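Below, each structure is written out as structure tokens.
Each of the next two complexes has chain A plus one other chain: chain B in the first, chain C in the second.
Take a look at the complex of A and B:
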């Protein structure tokens, strides 16, 4: 299909000029020392306890965010599917509306809500659930509350789409074949909604592994992840090599996540 | 026969948003019987099927299966197999896994499952497709897998919801024969939902003709066709010549086309409707004792191969349909004396 090839030319050129070339420069930066090519920057990076802490925090944040988003979004997608008419339109609208808002605005919003005299603490104290303000801002709990909220639509929407395609007769058939409700859930509902779950997990994992604004605003500079390390290396420490190494590591993790997701998707297609 | 019924449906009713879908359905089905629920869409037959499967609770009435009241028993605790209208095969499973689903769900010993699955697949002649994804099958193959899957656990009752309606005519006829043979062989009690009267007549031991949430008639196919209990059954099953008129004397109906002799016990002055099945009518023969006759206009023909249908346009709700051997139909002109055995006439009173 020659014509199809030509049609992708503008997109291909754009990606080459503004994505592939900068990435190549980044990669080059991470291995070019004063005497030519070197692996010294990688050795330095992986040799420091600080870097392992960064890696651990980055993966912890991405995995926990993905897990909590999944736990909240999976039942929510069913609830959304079972509503009808204007109620459903309203709920989908409420889900989509925050996407039109900048992530900086949303993260700042959460700092206001989470702080000592913020709405959450005021409410908790008014209900006499707590005596003193809880420390939420600049804690992992506060970070998770904020980041899960901000990335939740990216988990709900793909799962909602796959739940919508679920044929009710299949669960009826499974029940008449003797499947207890949990058996039907495990053997029919989960496998058939798996593509949506996988898409949602890939999206949220990729977004949260690369999150910069949210951890910075909700946790501050003490909580360094790969994206914040890239930024501080380039902006404050003037250490482009370390920044480049962190950037490449982040890229490798993201690519691995996408590859794992598509491998999992293929495996379910075959089985 | 209260003690012998394998399945007893006792006064089952169901309403949806103020509409009565099932109105006091009562029905006994014997072990090994093949019963059809026949009716137009919206008559409640699929609702009744879902109630029998446990997928829908009735508002009133009881379902007794094998002596046990299962009215409130969840579908997975009943042993009722269902073949759904569009088969509802699990698209993420292979043919063999679909058939094994019920065995696994019911916790049958794992080492016996492969043998049982291959036994069922060879029974529906699909042994060679065991490893195929169910999404890759043709309609007829999907149908067989659905039947094998429903039969795998040896159900007490098999429910079939228009399982043949998605197949083309030729395949449908083959599958009818095969299904009948299979169910006879296994001696499975089966309830077959259909709107196709030919299918019901061909397959069933008995037919329950349903209309507006009630059973209009429950009888053998032969009795349903020959002696329909109501005008609805007569119209829904098969074709007929229909003449309206008024009873004059005990055994004569005055129609717009003349007086005809009828069998029946309607009083004089009663409005009535006479129906005669098309193949019971002879054309161009004299009226003999024991036979009734009337001259009717025939204006159209439908050639069916060995047989030929002759139709005419009559006034009001009257209509004429005659089925003759194709050779005899050639000789028939426009206005023809049609005769039939008086005992073949089916007489219904009509509200005035």
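Take a look at the complex of A and C:
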């Protein structure tokens, strides 16, 4: 088995030919003008108010989504670890079902739910919480309701895994030594579950900066993000240079997210 | 806040979380049985009219066949390439093993749309314009990371000394691999394959650039219908997809267990 390294060649070459080379070509396309290499497309892109709006919306959407997912998932993951046996299996299954299901199917469900006469508005009015139907579809609130829903399982599962590894004796010990519940939570539980939180945040952030279907269906063309800019530039506007620049910017953001996450993970390991 | 309050909050969040996650699925199912064509909810009786109309949907059968064809081929190729690569990464002693593993899994972390558009530009550069081969070649890049990730994790837990033990007990090398290594690795193989298969069936960010009028995969066809004329027939198709996903998960649970599938 000493020569086992050769076995990675077929997969490696395949990914080189159909993944790395295409990305390199995209990078090249973003800097190649009629007269050789140029930074003009980047200058054009970052010189326009449109691009800054796109960048701001993309980051706002990804950060808000990550925050809401964390706020819901963290307590929910604890409750999930308190369940046992078939109940836990069933609940994990109920998390895996939406996770494995096509985004488009869930997006369809949300367009029905968020309509003016949709279930959410009917319920709110029946409970006399609102008098007139709220406008949800094509608003940032509706968009957030939909997108947090899509990425929530990716936050719950890693946190659930790290809470499950939590040694109950440590929290007991901290309490025995006189730690008040909030102190124990802050100094023992949060640091020990941090790897799961970090993994979940990285996943949700990376997925939501790349989201395309949900913003398109729940917000429409008025809400341009980096992924929708990439798609419209190539599919409708036939402007490959702008699309390539937007694509490279999106790629850089995704790589930065992964690098930042592994740097954060390493720092906590050391301390 | 006291401990009891914190516990109550956690249970409430879990309940809300599950209701919230399942809400769009439940609504899709309800709409698919609705007597009204304009998504009125709630309704008082269930009809199967929209399911009967599925047969009349233009292009559905073709897109289902195409989707399955692409997913089956891409999964089979990925399992072959991925198994070899996972063995190399876990067993090989060459510099940069970690980098190879990261490289093979990286399509999973990068924005799908960017990968899709990059592949499209590359195929145009090469002069490849036919939809079917483009989809087949590109979907291997979609499926492979799932297979490599689970197989590397599975192989890392496998004790290769067991093969030597089996050989000492009289099995040939081939027999030892087949009777000892294959059964132990089967769960990773199945999990990686199932998730990779589902990822290919659900994929839109790569497919959207590679499909043409005659070759639309199911997600692209669904997007098209949603953009044009969403009616309860689309809900009926979506409900069938929900049913299919449940079947796949139940099979996965029976074969390897849900916790293993969730990567827990």
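Note that the second predicted complex is superposed on the first by the 267 of 271 C-alpha atoms of A that agree within 3 Å, B and C clash if a C-alpha of one lies under 4 Å from a C-alpha of the other, contacts with A are read in each partner's own complex, and residues count from 1 in each chain.
The criterion applied here is as follows: contacts are C-beta pairs under 8 Å (C-beta built on N, C-alpha and C of every residue); 3 or more make two chains touch, one makes a residue touch a chain.
The model shown is predicted, which means the values in this text are computed figures rather than measured ones.
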item	value
Touched partner set for A:215, first chain B, second chain C, both or neither	neither
First (chain B), second (chain C), both or neither touched by A:142	neither
More chain A residues in contact - chain B or chain C	C
Partner chain in contact with A:173 - chain B first, chain C second, else both or neither	first
Which superposed partner A:183 touches (first chain B, second chain C, both, neither)	first
Which superposed partner A:200 touches (first chain B, second chain C, both, neither)	neither
Which superposed partner A:192 touches (first chain B, second chain C, both, neither)	first
Touching both chain B and chain C, residues of chain A	181
Touch list for chain B against partner chain A, complex	53-55, 74-76, 78-82, 84, 86, 88, 90-92, 101-102, 104-106, 149-150, 152-153
Chain A - residues contacting chain C, complex	1-12, 14-15, 18-23, 25-26, 29, 72-73, 75-76, 78-80, 82, 89, 91-98, 100-113, 115, 117-119, 122, 149, 152-153, 156-157, 160-161, 164, 181-182, 185, 206, 209-210, 212-213, 217, 227, 230-231, 234-235, 240, 243-244, 247-248, 250-251, 254-255, 258
Chain A contact footprint on chain C (complex, rising order)	1-3, 6-7, 9-11, 13-14, 16-18, 20-28, 31, 39-42, 80-82, 84-85, 87-89, 91-94, 97, 100, 103-104, 106-107, 109-115, 117-122, 125, 137-138, 140-141, 144, 148, 160, 195, 198, 201-202, 204-205, 208-209, 219, 222-223, 226, 230, 234-235, 238, 241-242, 245-246, 248-249, 253, 258-259, 261-264
Of chain A, residues touching chain B in the complex	167, 169-170, 172-181, 183-184, 187-188, 191-192, 268, 271
